[in-house]
Amino acid sequence: MNLSQIDFLAAAAAATAVMMCGITGIQTQFRFLALQTALFSGICLLEGFSSHGQHMAQFIILAAVVLIVKAAGIPLFLMWAANKMSIIRDKGNTASPPVTLIMAFGAIAAGYFLIPQFAVYSAGNPVSAGMAVALLFIGMIFMVTRRLAISQVTGFLIIENGIFLYGLTQAKGMPHLVEMAVVFEALIAVLIAGLVILRINRNFEHIDVTQMRGLRH
Amino acid sequence: MSLFNQFNEVNEAGFWILTAFVLWMVVFATGLINKKHTGYFFPAVTITGCLALIAGILFSGKSTVNILVPLPFFLGEAGFDFTIDPLSKWFLAIIAITGIPITLFAPGYLHHLRNRTFPGFIWAGFSMLLLSMCGVVMSSNAIAFIVFWEMMALSSFSLVASDNEQRETRRASFIYLGATRIGTGFLMAGFLWAHSITGSWSFSAWGITGAAAIGPSILILIGLATKAGCWPFHLWLPIAHPAAPAPVSAIMSGVMIKTAIYTITRLFITGSHIEFKWLGIVLIVFGAISAFWGVIFALLQHDLKRLLAYHSVENIGIILMGLGVSATGAANNIPLLTQMGLAAALFHTLNHAIFKSLLFLGAGVIDARTHLRDIEKMGGLIHKMPWTAAAFTAGSAAICALPPLNGFASEWILYQSFFKLALNGPTAATRLTGVFLMAVLALIGALAIACFVKAVSVAFLGLPRTDNARRAREGTPQMTAAQVFLAVLCVVSGLGVPVLLNPLSQITAMTGTGSMIGNIWTIPVGILTIILLTTVAAIAIWMKKLSMKNPVKSYITWECGFGDLSPKTQYTATSFAQPISSIFGNIYRYALEVTTHGRQSRHFPETVEAETRYEAYLETKLYEPFLNWIKKFSGILLMKLQAGSIHQYLIYMAIALIILIRIGVVK
Amino acid sequence: MKNIFPLIFTVVNLLIIPLLLTGVIRKVKALMQNRIGAPVLQPFYDVAKFLSKSETISKNTSWVFTAAPIIGLSVAFLAGALFPWSGSFLPGKFAAASNIFLLIYLLALGKFFSMLAAMDTGSAFGGLGASREATISMMVEPIVITGLGALCLNAGTPNLQSAFAGNINPIIAGLTGTALIIASLAELSRIPVDDPTTHLELTMVHEAMILENSGRNLALIEYTTAIRSCIFYGLTTQVFFHMLPFTHSMNPILQYAAGIAGVLLFGCAVAFAEGILVKLKWRNVPNFLTFGTVLSLLAALIAVTQR
Amino acid sequence: MSKLAFLFLIPVIISITGLIPQSARWLPKFSAILMIFQLPLVFGICSPVFSGVEVGSGDFVMDGIGAAFTIITTIIAAAALIQGSMTLPAERLADEHKMSDRHFCLFYTLAGLFICTMYAVPLTKHLGYMWILIEGTTLLSAPLIDYHRSKSSLEATWKYLILCSVGIAFALFGTLLIFASQHNTGAANSLVISQMLENAKNMDPRLLRLGFVFCLLGYGTKSGIFPLHNWLPDAHSEAPSAVSALLSGALLNCALVAVWRLSQLVTAAGQGEIVRQLLIPAGGITVIAASLMLISQHDLKRMLAYSSVEHTGLLTIAIGIGSGQLFMLHAFNHSIVKAALFLMAGNLLYTNGTKTINKLSGLLKSKPVWGILLAAAAFAIAGSPPFGTFISEWLLLKNIFSAGETFAALCVLIGLTITFIAISTHTGRVIFGKAQEPKRSAPVLKWAFVPMILIIVSFIAGISVNPSVMNLLTYLAKR
């Protein structure tokens, strides 16, 4: 049952996202992120198999690109940046990590139960779709509850992953050129964001976005 | 080439009017470029424009002229289309004949502002104001109307703000701009509504009757009332007019606010484009309140220009009463009443334009020569500036509707129409309204007399109260000429009523029943004036003769034996107005506060200060709290929403998502 | 000839009756106070004496001060000639001029200048008088307009001559007449609004205004005041006459005679009233005048419902 | 691609030149001259569209809307770069912390690419590419905002980057949903709009609607619909004025073009009511909220940014009532005037060293030309005649009224009134009053030239919107 394998991997990815919500260590977060993204490259391969060899080559290329760029490249870059700024922990902003964890679980539940009702077409795959949307939610929660600029990038990447998951499992036949471009777009975004974070660290001597409130009204 | 050909089809009248437009545009452009020029170029060209306008009016005769400005000039769904019918001509004439003396007056006045303003800019704004006012009263469709209406507002705003180094002036100009824009907002809403009912932008195609007319009518009327300065939308008027340079106040108060009167007439009365059952009573009620409100607040003012501005509120109220009577007549099918009310209102519009410009010019001379606007600091100016004093007194007599001047002529016709209403009104309530209006107008007339006696006597008579007043001197000959010209116009239009009834009857014929006002003027005012003047002359000569025998002795004013009086002992404007003001004290919480200074202040005060205060409830209890509330709300909105926290912004995004899904997807 | 007669009559009236009225009032008042009083013709002697004296004018004044009494007298003369206070009817074109609105504004014209003149001297008394005069006229004018308006409404024309030529509802006439009495007391500065004989500055109105005038000027002003009294009393008398249904069908000569007699009688009545009444506090004047307003409004109400 | 490729020629040349740091001295002038040539070039490329011939093929086709927005973008870009050629070097010279040549030239590289992506957005007929290009505009313009490298500009950049990226991510999700909604149509799933339109009727309505909602959220963030506008005032106020002009005059339009394309698609699929239900209230609320926020502004450029939010609201409503011609007309009018205003604000910021309204005053006294221009531009942006914005707002109002959207009409009317008062009062405080001692001197006439041209164009647009223009716009909107 390939489909259930995809569901399993999707659920696993969502679970990593939930775990990330509870983790305060920056480096551990990135490792989880890498793991999560690696799972997607697995999903990508499985999708390729399930398409009965029609676009096998394209799926393999996509899986490889995801693995290299998103699962390896981006986390490594972020780890390097975090190291450079000697950032170790993000303790969270309004909600403490345990609360966030519970919220993330809620997002998973919501994704599982609610999403299939209106975000899936008839022949679609409800579980993966739910997990994809759950990732979207978790990414938002992550961004809203974290304090550091670099965590927001992480949150953004979780959202991006959710969308990617949805695209893989639901939007079948999506031109791979587009998917590829999306991946590279993410890479560029992270690179630019990373550079900006580095400059923020240099200028502000911190990367705490809750304290970046000079521009208001 | 085609453009030329299309203009060629317009007849002579159109040619002259377009010439005026072009001349004013030349002044506008030159003024912007040559901002420091103070020579005779600007006034000369502007006056030539006014003369061209008069030529256009005269050439058009009784015919209605249509001017269609050719493509590519166009405004989306309607063109710059002008219709010049008797009503337009009446208002064009008002613009031209007040424009000429004001233009003549302006250089002398602007000279004293030369260090604080750019004369070129003022001329640019002034010519644009003239142009846009002409545009307003000629536009035959709503879009062109709004365009000119807004240009009028903007140009007058720029003029109000011309002396913008003063903080007060800036504040006044912003208040003016805000008020006028709110009015335009209402007007736009009304026009759009009327358009959605009729499907046309052309005024002549707007035939709205019945319940459908109520909504657009109310919106349009509020918009116009704001421009006209009708209670309770008059707030901006006494603030903006004093801030503007005197020629500008003169044209704004004399002519600009009348464009609203024009529009009411155009839309609601002539031709009955919009029929609205309660129009008459609405106009009457608001007119009466404005008239009373204006004059009673004018009594409280010491600032000469503010006082005059409040009198504009009063006179707009009087005009609106006339229009209200006219509308009542139309609603009850009494054509003579319709025409009399309309004729009175329009005639008073002309007259008010004349004497109000005259009075503002007088205030301008004083301002230019003494740098004073507070009448409490003036006094005795009649000895230093006799011409101004005489002209101002004539203007005051005219605005107080004293015979034989023009104010009397129009108010008399107005009284006649009230009487007609009281006589022929359909119901007892309507008839009683007629009587009531007579009483109100009499009360207002008496209050106006009180107010102008105060203004004239405190400013011009008695002894000078300050050094500035002592050093006063007469304005330049042009300034004097402008005032004398207007003063003569006051007399001429007061005596020449039968002649003026010709164009008026052309307008009243537009109400659809043929003109009936040919012989409403029954007073032989010419003969009576001659008799009066003869009597005056006879008595004067007799007095002169008697004084040959027993010459006049000159001595100090009686002082109860204390020696010559100091100017301080004169009656002040505040004291003069105090009895009347305290009678109506409930309207504005009038209070006299006496403070004494000194050690044993109770019995042996060193100085005693008495000051009257008033609080205008409309401003302090309604407008100010409302504006403050909006400001506060805006501040809170900004402070809370735009707090700088990126987390917050992300949460908005989530909330927006939920709302959008709720509206768009979940049924 | 028929047209000339009323004109001559009016002019003669205006030359004789006003000062006579003043004399009568003074005489009656004196009798009320158990004095013999000055002769009835004393006002004529006074005016003649004033005219022959030289006058003193404050050095602060301008042409307004000199012109105001002249204008005031001319206006009063014109008003007196135009309005049917003695029952005399003017001919032709002039008949149209006896319009109630013109009346009010003609009188206002005179007042306007007299107030200006009062302020011209720079004396505080002048200002005080002018201010009070303005206040009173503010309250009086609506009374007069509404009252006479109601009357004219009943007759169907704003023209007093035509109105007095026909029948008038006696109730309206009575109400209007009473309102006019109240108005005239205030307008002419009589007790209880003002005491014309007092010279206590703080209470006087009209006298304060003319404090600076002397000699010829004073003569003109005294005469003007007398004419104004005549106009008011005359109009009031005419209004009351119309309560009686037969008056307007009388012989014209008899009408004139009755009119003149009415004015003089009215003067006596005023003098009598002044003998027994006291002056009101200045602050209570508005209350007093409100009675007039209400009476004339009542008249107007009846008039509009009657139509 | 064919002729369309020529559109990108000059921007690409500029960005390549920007890679050479040695060009710093002549690059501004060079780019300005090139952009002058770009104007006739673009008109030449677009002209076939006006006579009904579509230019290009495949995924990039220039239709009516595309042509209109290409022209708008060109005008704004030319204005920004020409003005930039005067102000940017002057600013650089005056700046105490001297900017390196490399950094300065990098600006031009990014600007060129940014312009390229903005050209491409209205041309593409492929939802996927459209998303990529719009995300591309975000990524390319983020460093442009951080041109001054100050703390505040950095903060603005960060907020811009994060908010827009997240928003755009939602738009991607929406695009996927729309893609998925075609599953039951029988035809092959596609992201090419023309193909989607063919089988639009059979799309899964629920997914389509959901997709549209997400796309609206995403592109709405980019275009500044309330309450997603929060990045906008920060970014506009901190960017150099030439960039602000580009952001406000061209970038917002790009995102709205995407919304327009999607709304066409959704309408074709028979779900037109969702467009009305969502866009018209959203626009109305945006207008009124922006106008209220305009009241208490104390920074000139932030004020202009909020005014952009307000105009986004108006444009959203234009899309909501399905009026492509008014969308184009108003976008044009708004863009040119807003660009003029931002450029004027940049001039002021240079000479006075501040953009706080309270500290600026007496412009009319010290520099009458600038004062008059600023006043005219402020009146124009506030929608008063005789400028173009008035006509387009008026027509828009009329259409809202006749569409029966009373709530939106009310919002717009009130909003426009408040906006007018707020903007004119704030601008008035800058223009009026006692003249201030300028911190630096600037060539008054030269720097006023570009805004003057833009305002004259707006004026001409205000008095000559005749039936043939309206017909042309209607024709373009249909294509």
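A, B, C and D are the chain letters, set down in written order, and residue numbers restart from 1 in every chain.
To be clear about the criterion, contacts are C-beta pairs under 8 Å (C-beta built on N, C-alpha and C of every residue); 3 or more make two chains touch, one makes a residue touch a chain.
These figures come from a predicted structure and were not determined experimentally.
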**Prompt:** Counting contact pairs per chain pair, which pair wins?
**Reply:** B-C
**Item:** Where chain B and chain D are represented by their mean Cα positions, the distance between them in whole Å
**Value:** 43
**Complete:** In whole angstrom, the CA-centroid distance of chain B from chain C equals 36
**Geometric centre distance via CA averages, chain C-chain A, whole Å** = 100
**Request:** Please compute the C-alpha centroid of chain A, do the same for chain B, then give the distance between them in whole Å.
**Result:** 69
**Message:** For chain B, give me the residues that contact two or more of the other chains.
**Reply:** 638, 642, 646, 650, 653, 665
**Asked** Using the touch rule from the top of the page, what residues of chain D touch 2 or more other chains?
**Response** 158-159, 162, 166, 170, 206, 210, 233, 296
**Request:** Give the residues of chain C that touch two or more other chains, as numbers and ranges in rising order.
**Result:** none
**All pairs of touching chains, each written as two labels joined by a dash** = A-B, A-D, B-C, B-D
**Complete:** Per the touch rule, the chain B residues reaching chain C in their complex are 379-380, 382-383, 389, 393, 397, 400-403, 408, 411-412, 415-416, 419, 422-423, 425, 428, 431-432, 434-436, 438-443, 445-447, 449-450, 452-454, 456-458, 461-463, 522-524, 527-528, 531-532, 535-536, 539-540, 543, 546-547, 549-559, 565, 567, 569-572, 575-580, 583
**Message:** Show me the residue ranges of chain A that touch chain B in the complex, using the header's touch definition.
**Reply:** 93-94, 118, 140, 143-145, 152, 209-210, 212-217
**Message:** Could you list, by residue number, the parts of chain B that touch chain A in their complex?
**Reply:** 638-639, 642-647, 650-651, 653-654, 665-666
**Residue ranges of chain C in contact with chain B within the complex** = 51-60, 62, 64, 66-67, 70-71, 73-75, 77-78, 82, 93-94, 96-97, 99, 101-102, 104-106, 108-109, 111-112, 115-116, 119-128, 130-132, 134-135, 137-142, 144-146, 149-150, 152-153, 156, 158, 211-212, 215-216, 220, 282, 286, 297, 300-301, 303-305, 307
**Message:** Give the list of chain D residues in touch with chain B in this complex.
**Reply:** 158-159, 162-163, 166-167, 170, 206, 209-210, 212-214, 216-217, 220-221, 227-228, 230-231, 233, 274, 277-278, 281, 289, 292-296, 362, 364-365, 368, 372, 375, 379, 384-386, 390-392, 394-395, 397-398, 401-402, 409, 413-414, 416-418, 420-421, 424-425, 428-429, 431-434, 463-470
